[in-house]
Amino acid sequence: MDLIWLIPVLPGIGAALNGLVGVRYFDKRTAAYVACGTMAASLLLSLVAFAQLLGLPGDERFHQVTVAEWIPPIPLETAGGIGSFEVPWAFTLDPLSGMMILVVTGIGLLIHVYSVAYMDHEPRPAYARFFCYLNLFCFFMLLLVLGSTFLVMFVGWEGVGLCSYLLIGFWYHKQSASDAGKKAFIVNRIGDWGFILGIFLVFFTFGTLDFHAVAELAAEMPVEAAGMGVLSLICLLLFVGAIGKSAQIPLYVWLPDAMEGPTPVSALIHAATMVTAGVYMVGRNAVLFSHAPMVMEIVAIIGLATAIMAATIGLVQTDIKRVLAYSTVSQLGYMFLATGVGAFAAGAFHLMTHAFFKALLFLGSGSVIHAMNEEQDMRRMGGLKQYMPVTYATMGIGALAIAGVPLLSGFFSKDEILYRTFLHNRLFWMLAVVAAGMTAFYMFRLIFMTFYQEYRGPAWEGGHGDHGEHHEDDGGDHAWHGPHESPRLMTVPLIVLAVGAVLAGYVGVPAALGGSNAIEHFLEPSFVAHAGEGAHGEAAHLSHLAELGLMAISVLIAGLGIFLAYRNYIQRPETADEWAERYAGPHRVLTNKYYVDELYDATFVRGTMVGARGLWGFDGGVVDGAVNGTGWTTVASSRISHVLDKHVVDGLVNLVGWVCQEGSYGFRRVQTGLIQNYAFATLVGVFAFVTWFLVGR
Amino acid sequence: MLEAAVFYTLAVLILGLGILVISARSAVHSVLFLVVNFLLVAILYVTLSAQFVAVIQVLVYAGGIVVLYLFVVMLVSLKRAPEQHADTRRLGVTGAVLAGAVLLEVIGIVVSGAARSDAPAGARGAGVPEAISDPMLNTEQIGWVLYTEYLIPFEVASMLLLVAMIGAIVLAKKNL
Amino acid sequence: MAALGFSPSDFYYLLPELILTAGALLLLLVNVIVPRRDDLLFGLSMGTLAVSTLVLLSFAGVDIVISRGLLAIDGFALFFKLIFLVSAGLTIMMSAPYLRVEGVRAGEYYFLILCATLGMMFMASGIDLITLFIGLETMAIAFYILAGYLKPSHRSNEAAVKYFLLGAFSLGILLYGMSIVYGMTGSTRLDEIAVALAAQDRSLVLSLGMILLAAGMGFKIAAVPFHMWAPDVYEGAPTPVTAFLSVGSKAASFAMLLRIFIEGLAALTPDWQVVFAFLAVVTMTVGNIAAITQSNMKRMLAYSSIAHAGYVLIGVVAATERGVVAALVYLWVYLFMQLGAFTVITMLRRRDVVGDELKDMSGLFARSPIAAVAMLLFMLSLGGIPPTAGFMGKVWIFGAAIDQGFIWLAVVGVVNSAISLYYYLRVVVFMFFREETTGSEITIGPALATALAVGVVGTILFGIYPQWLFDQAQNAAALFGSTASSAMLR
Amino acid sequence: MSNAAGFPLLSLILFTPLVGVVLLLLTDRRQEDRIRWIANATAGAGFLVSLPLWFWYDTQDAGWQFVERLAWIPSIGAEYFLGVDGFSALLILLTTLMGVIGVLSSWTAITVRVKEYYVFLLALQTGMLGAFMALDFLLFFLFWEVMLVPMYFLIGIWGSDNRLYSAIKFFLFTLVGSVVMLLGILAVYFYNHSVTGVYTFDVTQFHQLNIPDGLQWWIFLAFFLGFAVKVPMFPFHTWLPDAHTDAPTAGSVILAAVLLKMGTYGFIRFSLPIVPEATAAFVPLVVGLSIIGIIYGALVAMAQKDWKRLVAYSSVSHMGMVMLGMFALTPVGITGSIVQQLNHGISTGALFLIVGIVYERRHTREIAEYGGLSKVMPVYATIFLVMTMSSIGLPTLNGFIGEVLILQGIFVVSKFWAFVAASGIVLGAAYMLWLYQRTMFGNVTNPKNEGLPDLSMREIWTFVPLLVLAVWIGLYPKPFLDRLETSVDNVMARVSSDYTPRLAAAGAQAGQREVPSGTAGAQAPVRGGTR
Amino acid sequence: MLEITPLHYTALSAALFIIGVIGVLVRRNIIIIFMSIELILNAVNINLVALSSQLQNLVGQVFVVFVIAVAAAEAAVGLGIIIAFYRNKETVNIDEMSLMRW
């Protein structure tokens, strides 16, 4: 277990190899082997470490490794006197991080393997670059997960943001891709702004940045039920960071755009791992959050609102990846809802199951896109079931899982969340259930539009259909022979993930269904300050029967969603359009994603740019001009001084400058060359002094 | 009484001639007024019992310098009226007014100073011989002071005159 | 023998002056006996200066009053006399090639330079108004002639007329001031004046005398508003004469000014401090601001020299030993940088080029890197950028002002020195950044090379290791300051 | 005070570039390659001789090290007094390293007046090194001013379009500040004399003065003007974009990497310890200006169309950050400030090199002229990316360490300031990424860019040290922070009377440092804690 | 009024001095300006002699001797300069002497 630091470092080495040497010298195979090999090694280590962790008694499952000093101790004032600002490179393995490293390395490895085939048509340097980024991402993600202090986590936090930026903009020659990358990074930075301030406040309050130490200290502070105390402020700031990273309202806008990246990237980063970092972070600081009930409430509300809003937008999207993206946003909202109502374990559980089925769905969509020659619009697909059965089957499983169909993983985790929400607030529960229904609807809308109905895509050589379209995409540099099943390297990960999506839920079968909710008990130590201490808020309980009733309701709603999708897209495909016409207003709002992007663009982006240009003008015109005016410089560039004259009014310095310049000419003008005027000046001097002495002394 | 009469007469004449010097149209007239002025000043010196200075005044100024002036005025045979061309930027009149103001100030200061302590409280320099009203003694005294106490400046003055001489030659000679 | 007013020892201590006089007279003779031997005349005058300097140096540490209280042979005088002799030597060195190009006779020219130096030496030594006045006039008359020495040149003529007329006019003012001081104290000897003034109340009449004296001296040091002759005369006079005028004459006038005001009018210190403070401020400001738009090098340096007089006046205003040291140090380093700059301008005077316009400096670096780099040094030094001597001078000046609480004066001073860099750098721009050139090749003869070398060495040496200079200046000011401060204490 | 080297190491470092100058002067101006070799060899030698400062530096010695002290101008008490602490040692190393890089990067960029160019570059090097070493205030000022001239020429002769204007602006701006600073120096000098009766410019002596409040204010303002212009702080920054834009690449690199550090160095070395009370009194002003600088610089950078000018404005923003950390007057803040100075030197220096490389190929700095360079110059794009990330403070790279320390340092002083300043980070990401996108991403739209060659081996080598440093400081800054410990503590001991230097504390309670101070926080429940 | 004190002489001297100054300021003929300067010097001399007489101190008169010597020297040089100037410009008008300005 002392070698856990190797878990992130291995992919890091892979990234370095591929980045420094690979781009120039590796052929595709080598690059792929390096990347997958390091990931596999990392997975292996994770498994061993996890096994060792399991081998420990429940309340001792905490292991910290300090690799090196990072920032050596520097004295600094804190709220409690002079503290010592000190950050080591330290890693923590506990149940929560243990689960996470498994998810990251496991799904990471699968996606690496998948990418080997998916990215095959890329040129060699780009191929190596891709794997370099992917490995780098895993490095940072594992750092984030394993880091035992806030700052180490922040390193991973920012690092995954960077990788996300790089991978979204992987096809940098596409304007939209590089735009999306930039947007992701900058929006994330806004979140990071809150996060880092939260970290500062943590240090200021506790004098340490170690999660464990902070949790222990925080546990001894009173719960801030009545008002916003310092803990609430910390949590709020941290949550701002989580909002950015996990794409919650109002900072969710980057995630749908991030779909510009290659699909494996979407699967790994924007579904399975990175975007859940916010949830993970909140879970990491469960003790802090549970001392700030008001913030918890905010977390829950934002999570819920995001879940609903994203689900509604997902209803009308036509881009296959965007549907999945909004679905991700929505599911993340669920996770926050869970943490917000205090069900940290449920949130983490859903995080894990979601990682499986969402990665599966993305990879499946990637497979479809691959098959359709980079076509992403569902309206141009249809009837693919016959061409790619494996993809169809696995995606179907994924959709069932996310829709919450019983006995699949999503069912268990989602119902746990809904149950806990119900305990917390019934209104929340109702809304969450509605969102779940919408999820089912749009997921099956996706399945139906893609795999059922008629084939609506472009024609291929020798194939049927005659409405050939010109493709801008240069991805298809080889002739396209119609939709086809993806190669083995892609389907195997799909199958593995599908198995996962089915089985992952069984680690957390609720008691109502006769399970023991193993995952919850396993994770519990990570959410309390002292192992063995009981979890909070376990007071309210429902009978198993009521719990089963709730499950039934949510299953019913999900079934309703699926049915509606079936009716609208299989039975009567025209209904969709009818509805769209009938509710034209709402439909437009939804297709335009509530105009949030436009709103942000008009306010923040444009505002900033206008401000920036204005300041520049100010800088060039006034501040600079003011200085230019100071005579000496003016003469050097008469042209500039000419322009300057217009700015003379602006400020005293400017005036001084002008006086200075004119003064020089003035003094010269006095120098008339006439001797008598010179003598006159002398006389003036004498007169002035005499008068001064006469009057003043 | 007589002293006052003499002084006022001389003062009026000196100032009047001074004004004539600076206001005469022709340079030649100016020079002539200047000679008379110098002579009157010499008389003034006599009334102040500075006979030696008076003699020098007559010899050097009236005899030497003015002749030089006259000589130059003649030499500079004017082909056009010297004051024809006037530069408009010249502050002549303003200057005259300002000079008048300075004069008022100076006289004011002198008068006020005199009013406070009716004579400047001068301390006589140590070892400086007293001036004696006897004309012969005055000359002797001055000679004594000049050749003992002020010997070095006197020598320097001789160099100064040599410089002036050489300079005048250098400047005035046509092809040197 | 005391009754005669002098003793043989007086002549011993006047040996440097006597040698100078003898040399000057010999020069006249040789000029007549062996005509057209400019090199001989050059050697003779340089030799005279050298011997005079050597003798002078042997008086180091002497502090006596000779000639019945008219002359002081002290460190202060020694310091200034060195400035005069060195600047005269450098002037003659740069004159030799210049006169050849201009085609004028050298004999009387060297004679006049030596006589002007003689006058200056009396200005530094004199502690009596008459002596000072005679010294001043000896120098001034020599300069009147030198300014007009290029007789065919209209500009030279005009410079002479202007300098002469205004000089005579200001002489009248100065003399009137002296007569008032004499009337109020009954003496022309500075020590007696100091004693007499200390015994009486301050009166307006005295203030009037002081103002007139300040105006008269202000003319000589070219302080605003008595400065107006300077640009025109500097521009018109032969370049080496301008150099000598701006260094020697200015230093001598400062010597006289320091003697009169700090030693003689010590009792009036608060009064003349305000006068000079005002003069310093306007002088620096007007000098620098007017200089920034000049296109003629000599004219620009004239304004710059006006501004420098302003800096030195700050030292005078401080009116302490530190202030005097500052003034001395400044004048000494000013000697090297100003003369150096004029040496370069002299260099540019060739048969076909007048060489004193700013544009004549164009591409100097390409044509003569050594001259350009030297000029760069002089410009930086004038602007007060280390590690040049000018910086050390400014440190002293501003230090003296701050020491005495004249912080505002120091602030004006430093702001001005920053402004001044603008026009000094303009020269650099022309020399280094422009390509076009004018006129024939520049050749640096041995005399000019020596002058340039002295300027460069002085500028750098006193910038990097000024200890020797500071010691000398402190000695000079200490001997001088002892009498001054005793009078100042009243 | 000691000299571990046993020989005048600092003088050796100081005068090595001058030896090069002399050698260059003796070389025929037409043998350009030989000149280049000499210059590179000298710069390399300069770096090598400065390395002992890293290895021989004793982090346990709180005094000045490698001290050399000779009489210079006894009559005014000025001395040839050199010595370093951790702070100046690091800056000296940065200077010598940047010297190598600057000289190396000029190999092909400079084709006219080669000899003079290297002469000025090396002379500049001596000036900068001297300023960092001098412990005599007059000597410091001398070197401080000496730097101006070579830089003026570098901009004025080898600069681009508006070079004369920029050069003079640079010169005069800095000069005005520094002459006023000179007055401040003199005021301290005379005050010291009035107290001790000794005329001296010894900075270590000044560090022990307790100057009365009123005088402190004035001295602080005088110093402030001098240093703030150099930094440059917000209202005094306008010379910077011009100077940077027009300077040749090496000039910009050195200007950004080293020259700007003069100002911050001055603050830490002189303002803070000599006039601590005034420093404390002026914190709101300086912090306010710094924060304005951070935001303002970032916003203006965003509006730029000129690549180099954008980087220049980013400098304004970053240096605002440096000033902010310094005037937190907390050990973490000051440490961060110093680290950030190094970081700024590394990343901004590299960014200017980056601009210089395409400028050399294309002779334009218009961002719009570029685009899609990733395709034609992948190595270049990669390096640019790393440096962009370093500049915007991405963790694992150097910038992050500095920013975190600075913000943490200011946070404990005022939450509000930290809130506002941290938002500069967001803007920083925005303009840098936008720049990166506009230049590197997209398709090659401008046909002139199609044939651009990627970096040559020489060019890569100019970046390698910077990349290594960026990663090193990002991942393991301990060696750097250890070296700063005593420097920061000495300053802190002046600005805060109850501060206990770490070295002393460690000596007093040897081994008891592990006691987490956080427990103190737990005992006293915290309420908001805004001061 | 009737008792003639040094004050009277000083006033006379001041008046003459100012007359000279006015002459310098208003006339355009250089030669007349020179003569005005002579008036100024004379004013100084009157002052000195009167003070000397009043102080019973000969130094003032010695001073006058020197002033007269200097006046003579100046006259010689000044007139030499005028002649040199006149040779070139054929004028003694001071207003035509503004070649160098600004």
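Observations, loosely collected:
So that you can tell them apart, the chains are marked A, B, C, D and E in the order they are listed, and the count of residues begins at 1 in each.
Here is the rule we use: a contact is a pair of C-beta atoms (placed from the backbone, for glycine too) under 8 Å apart; a residue touches a chain by one contact, two chains touch by 3 or more.
Predicted model, so just to flag it, every value in this text is computed and none were measured.
Considering the contact criterion stated above, the chains in touch with chain A and with chain C alike are B, D, E. Counted as hops between touching chains, the shortest connection from chain A to chain D is 1.
Pairs B-E and C-E differ in how many C-beta pairs touch across them, and the larger number is found at B-E.
Put simply, the chain closest to the centre of the protein, by Cα centroids, is D. A separation of 99 Å divides the Cα centre of chain A from that of chain B.
Averaging Cα coordinates per chain places chain D and chain E 66 Å apart. Mean C-alpha positions place chain C and chain D at a centre distance of 44 Å. Computed from the mean C-alpha positions, the centre of chain A lies at a distance of 94 Å from the centre of chain E. Under the contact definition stated at the top, the residues of chain E that touch 2 or more other chains are 6, 10, 17, 20-21, 24-26, 34, 51, 54-55, 57, 59, 62, 66, 70, 73-74, 77, 80-82, 84, 87, 94-95, 97-101.
Of all residues in chain C, those that touch two or more other chains are 130, 134, 137, 141, 144-145, 148, 151, 160-162, 165, 169, 183, 186-188, 204, 207-208, 231-232, 422. Taken residue by residue, chain D touches two or more other chains at 164, 168, 172, whereas all remaining positions touch fewer.
Each chain pair that touches appears in this list: A-B, A-C, A-D, A-E, B-C, B-E, C-D, C-E. Residues 6, 10, 13, 17, 20-21, 24, 30, 33-34, 37, 40-41, 43-44, 47-48, 51, 54-55, 57, 59-60, 62-63, 66-67, 70, 73-74, 77-78, 80-82, 84-85, 87-89, 94, 97, 99-101 of chain E are the ones that touch chain C when the two sit in their complex. Interface residues of chain C facing chain D in the complex, by the touch rule stated above, are 380, 384-387, 391, 394-396, 398-399, 402-403, 407, 410-411, 414-415, 417-418, 421-422, 425, 428-429, 432-433, 465-467, 470-471, 474. Contact residues on chain A toward chain C in their complex (touch as defined above): 631-633, 635-636, 660, 663-665, 667-668, 670-671, 673, 675, 677-679, 681-682, 684-686, 689-690, 693-694, 697.
Residues 106, 109-110, 112-113, 116-117, 120-128, 147-153, 156-157, 159-160, 162-164, 166-167, 170-171, 176 of chain B are the ones that touch chain C when the two sit in their complex. Taken together, the chain B residues at the contact with chain E in this complex read 1, 3-4, 7, 11, 14-15, 18-19, 21-22, 24, 27, 30-31, 34, 37-38, 41, 44-45, 48-50, 52-53, 56-57, 60-61, 64-65, 68-69, 71-73, 75-76, 78-80, 82-87, 90-93, 95-96, 99-100, 102-103, 106-107, 110-111, 114, 118-120, 122, 124-125, 128-131, 138, 141-142, 145-146, 149-150, 153, 157, 160-161, 163-165, 167-172, 174.
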